[in-house]
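Written below as structure tokens is the structure these notes are about.
Residue numbering begins at 1 within each chain, and the chains themselves are lettered A, B, C and D in the order written.
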Amino acid sequence: MSMINGNEESYRPALAAVTSVLQENARIRTLGITFRLDAERKSFSFNPGQFVMITLPGIGEAPFSMCSSPKEKGHFELSIRNLGNVTDGMFRLRKGDVVGVRGPYGHGYPVQEMKGRDIVLVAGGIGFPPLASVVEHVIANRADYGKVWVLYGVKDYDDVIYRQRMKRWSKAKDLEVRMALETPCSKWKGCVGVVTKLFNKLKIDAGNTVGLSCGPPIMLKFVTLGFEKLGIRDGDIFISLERLMQCGIGKCGHCNIGNKYVCTDGPVFRYTDIKNMAEEVW
Amino acid sequence: MVAVEKKSKPRVGFFGMTSCKGCYFQFLLLGKKLIDIFDSLEIEHFWMLKEDNELGEFDIAIMDGAVSNKDNAEFVRKVREKSRYLIAYGTCACFGGIPALRNDVSGFHEKVYGKPIKLKPLQNVDPLDMHVKVDYHMVGCPVNEQELLNVLRDLLLGKRPGEPDYPVCVDCKKAGIRCLFKDGIPCMGPVTIGGCGAPCPASRSPCDGCRGKLPDANWGSEYDLMLEHGLTKDHIIQKFAKYARIAKPGRVKGK
Amino acid sequence: MGGPISSKYYLISKKDLQRLLDSLSKKMPLFAPVKHGKDFNFKRLESGDKLDIAGYTNTEYPPRGMFLPEGEAVLEYNKGKFSENFFKGKAAVFGIRPCDVHALLVLDRVMLGHDHFESHYKRRRENTLVFPLVCGTPGENCFCDSMLTRNLVESFDLLFTDIGHHYHVEPGSKAGLEIIAANKGLFQESVHKAAIVEVPCKKKLDTANLPGILAKARASGVWDEVAKQCVSCASCTFSCPTCYCFSLVHDSGIADPEHVKVIRELDYCMLLRYSRVAGGLVFREPRKERVQQFFYHKLAYGPENEGRFHCVGCGRCITECMAHIDITDVIGRIRDEHDKRK
Amino acid sequence: MSRKTYSLDELTKVEGHAKLHVELDGKTVKRAELSVFEPSRYFEALVIGKSYQEVPSISQRICGICSVVHTVTSIKAIENAMGVKISKQTADLRRLLLCSSTIHSHTAHLFFFAAPDYLGFDDVIELARKKREYLDLAIELQRLSSGIVKTIGGRSLHPVTPCVGGFHSVPKKADISNMIRDFERIKDLSVKAAKMFMSFRPPKLENRTEYLGLAGKGEYPLYDGEISALASDGFRPEDYMKNIEEEVIFRSSAKYTKFRGKPYMVGALSRLNNNHEYMSSTAKGLLKRSGLHVPCYSPFMNNFAQSLELVHFSDVALDLLRRYEENGMKEERIDIKPRKGEGFAACEAPRGILIHHYRFDSNGKAAFANIITPTCQNVRNMEYDMQKLIPAIVNKPDSKVKRILEMLIRAYDPCFSCSTHFLDLDIRKLKKH
């Protein structure tokens, strides 16, 4: 893994072009992004769970997690939820438009450590992208990992993202995708309720399973409790946290939770490292 | 979500209701930057500067003054209907300002005209929020002309400008001003929305609170501080209720 | 910069110090405490004879700004290209107090440590000569004794001690030695280490097991009392020499909104906007949590992350707080509560 | 003969500030009424019960463009009520503040509102596009004068340093030399401006009325003096009630005034008529060069008088400032013990005499207030002028009539709230009878 511009220039982004735009639902869009320069295309690589800072000049900069397979070099995908200025600006981007990219930053999911283990991934809402990258990684290296459950919780049927991907994943060996809708809908015959409801039917070998999760704070809290109830060890639980971020390199202080920096110590944390933190995590 | 569609030149209107018009005068202080504004925006309506003013459609409406009668209320509603983005311009528009002090006083006509005369009963002086949806509150009595420039710039970029939500003390510190409390002068800075650059403390005059109530203000502590620095209870209440008697419903919440 | 690099000490007369500063000020921007009104602050000194530090204890605002300015344009975007703008050249600061140099050591660990360094801080730090001035009499609110920041053994180029009609000078770096060599006529050699009578600080802050005590004091009622007093004006964070948090702000003019400067602007954890995230949620909305962030960052997270307290006992936050919040007093109350519980 | 009615009330549809109603019978003007529709803000009642320290900052918000003079007059009246004697330096600083704010206000009016008419442009925006050098002059004068107001007053409008007893802070020595430099520049530009206004040819109108202005001992006053009248005896500010009648006009939200039963004019032209011999020599030279005969009875010449004042007040300011150049100013302020009392003050606002009058109780709370603004005094005279002007222009096309009436009103530089594009209206001609 190497970084664009490294240390010498802390803030200068590389230029990259939008290569694809996919409307996932009314408020979420997936953008394909490729670096302009060859050198940058060659040097950029990332781990699932890491993030980049995207700059729109004049508008601002914001962190996003890659949702694509780390295998593709010099190219990555981001799923964006339109929430504020930068994200809104990203919704105005067309194919060929240029953005600034710095990164990748942070610690992702421990894909090395996870080798040989079973995996339960729990995604809520816009928490899906980093986990999607894990799934892509697992599929690309199928032999290295055990059984995989992808549990996805979402409010409404129309909010569902990654429909095609989930279809594709379902075809993979030993990989099960399950979804829970919070609001009942005539088009949906599956599980209705919060995502932890999916835990009830889960039969896992708890000792050999890692639990990964990303989503809104309240969901993370209950998923973590759920993991513990399933018997997954605290040290095998990994959650991805979100805070306001300005620099992405552990300097600006905004993403502090207790003595941790979400950008450099996280965004993916081992549960044991944050369990007894001075400041509330959720 | 886009506030103003990016296109060649947004159409802008300046409008006025009940106020001292100082905020418009402040606009002229932009000096050379006025030319940039004339160049990058299409000013379609500006009673103070323009001969022909038509009430067409606007991308950005800048509304100065409070609502103090039926005509005002009707007018602001009309402007809102015709505008995509409405800026409440100045403390009068945001909070009612000094004109809203009249809401607290009875027997106005008598006091002003000497003898009781028959006129329609007075309506309260209201901030715009009480009549229409406001997209941006540009506080200040008068406004800070630089803030106007930044807001217009943001809108040109297709960005939603963020309202300041910090106290005047922050401006004070940034300007390296010695806190007036240290010299025994009670100041409204800690409870007042910042963004003015603290011109008053800079000239050793206490902040008077002209930018209105900070959502995050600690009124209890400020009250104690004022008392400690020699103001009477009565006087403190007058100060607290001076520019922003009416809390602004539309502002970001805080504690 | 590093530890003691010479066994020799020097003396310089007060007049000669002005000469030395004068020649330095011709070569690079030279900063020194300058009195304006009732306060001293670090300002550019145009010539050596302008130095007037009678009555100087410490500056109102910290020397942080010379290394981490309040607002600095770090990046520029113009015509489809990004370029990073660095501080160029050299600078020097005279009269900085030992506690504030300790604060720089804290900033070093944050800005230069962890996985990345902050390249702008790094350049300014490397290119600024530091000439601290040892403290004899502490100010009303100082408690450097407690924070062990009164003495300085590293991170200076020349260390000055006022010993009456002369300054005692201790070189602390190669650059420092070079300055002495280049201005031989101004310095006399001396074999003695400087000895002055140090007046003890009036305020005390007991640091024994402090992170541990704080870890258990999260729910203490003391924080509610402090939050009741605090007006969230951010004066404490503005005046603290170790506060470094910042935001990156895009700035451009209305005439050419797409020619953008990205300003690294210091930001303050006492303010709501500091922890506001997309969607409008503020992570530390209650004032109490913001107050706690300040105290915990200085006295618990600092030692945990950087092995140093992020408080150097300069007392500025006490002086600046209009609501009379005193860090030594707050920690004293927390400790009392802890001791009672035992 | 035909009857004709001009009803200029478009503005009510836009802002509701003012409307003009004219009825003609042949060439005889039956009615010429100007009604102010700016919603009443009741300042005289707002200050009641307020601490004397809060009164100036409330009163200053009567008008954004002349807030400086409201502040100063209000403070002066309060000091008068409390029996406070201020220092000479304080008085000088207030004079300076008034000089710079008058220049600031005059330049805004002259360049942004009045001049485009004379130069044949619709408005300043059109002018900015076609004659940039002209706008540069305007902007430079605005920048310099507002900068000086800010240096002394803390802000360019709604100043904050003036307070009862003195100033919260006074300009530093460096500020004084900067202000001298700026005033010198202002003076140069003002001479240019005066020459420009000298060259304009306004519509012809001669209307002998009464002209009121402050008059002091051998000066062209701003800050103090008694009120003098060109054609009759003057009076002291505290006697204003005996000499100036305020009337409530039902069609209008402003109170109109008369001087001993007659309309009168206040403002730059009045000041010029009353005090021209005390103008600075440069201003006098320009006056002479213009060939204008004083006293002058054409309200349109008020604009030229304003442009002369730019020059004159720069000279006054320079003279004042040079006295402090060497030794600087002292930080000083008189401590106030509130007491029961009544106070009056009159100053020259950019648009004419401004009177503040208060009564306070023993705790220093305001018990009564009365404020007479220049525009209220001028409205009657505007109507009087129109009576005279309309018959002479009635045969011109309506658009022309409209323009000339607008120019007349604008020549008075009425206060913003009831001001500039006052008559930005179309004319509706009623059916002929």
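Definition applied: a contact is a pair of C-beta atoms (placed from the backbone, for glycine too) under 8 Å apart; a residue touches a chain by one contact, two chains touch by 3 or more.
Everything quoted here is computed from the prediction, not taken from an experiment.
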Winner on C-beta contact pairs when B-C is weighed against B-D: B-D
Of all other chains, the one whose Cα centre sits farthest from chain C: D
Innermost chain by mean C-alpha position: B
For chain B paired with chain C, centre-to-centre distance based on mean C-alpha positions, whole Å: 37
Between chain D and chain B, distance of the C-alpha-averaged centres to the nearest whole Å: 25
Inter-centroid spacing, chain D versus chain C (mean Cα positions, whole Å): 53
Whole-Å gap separating chain A and chain B, where each centre is the average of the chain's CA atoms: 42
Multi-chain contact sites of chain C, meaning residues that touch two or more partners: 252, 257-258
Chain B, residues touching no fewer than two other chains: 157
Shared interface positions of chain A, touching two or more other chains: 58-60, 84
Pairwise chain contacts under the document criterion: A-B, A-C, B-C, B-D
Of all residues in chain B, those that touch chain D in their complex: 15-26, 28-29, 31-32, 34-35, 38, 43, 46-53, 55, 68-69, 71-72, 75, 97-99, 101-102, 105, 107-108, 111-113, 117, 141-142, 199-200, 202-205, 208, 210, 234-235, 238-239, 242
Interfacial residue positions of chain A with respect to chain C in the complex: 7-13, 15, 55, 57-62, 83-84, 87, 98, 100, 242-244, 246-247, 249-254, 256, 258-259, 261, 264, 278-279
Complex contacts: residues of chain A adjacent to chain B: 58-60, 82, 84-85, 88-89, 91-92
Residues on chain B engaged by chain C in the complex (per definition of touch): 33, 36-37, 39-40, 149, 152-153, 156-157, 162, 165-167, 169-170, 173-174, 176, 178-179, 181-182, 189-191, 215-218, 220-222, 225, 252, 254-255
Complex interface listing, chain C residues touching chain A: 74-75, 77, 80, 82-84, 110-111, 114-120, 214-215, 218, 244-248, 250, 252, 257-258, 260, 262, 264, 267, 269, 274-279, 283, 289, 292-293, 296-297, 300-301, 304-305
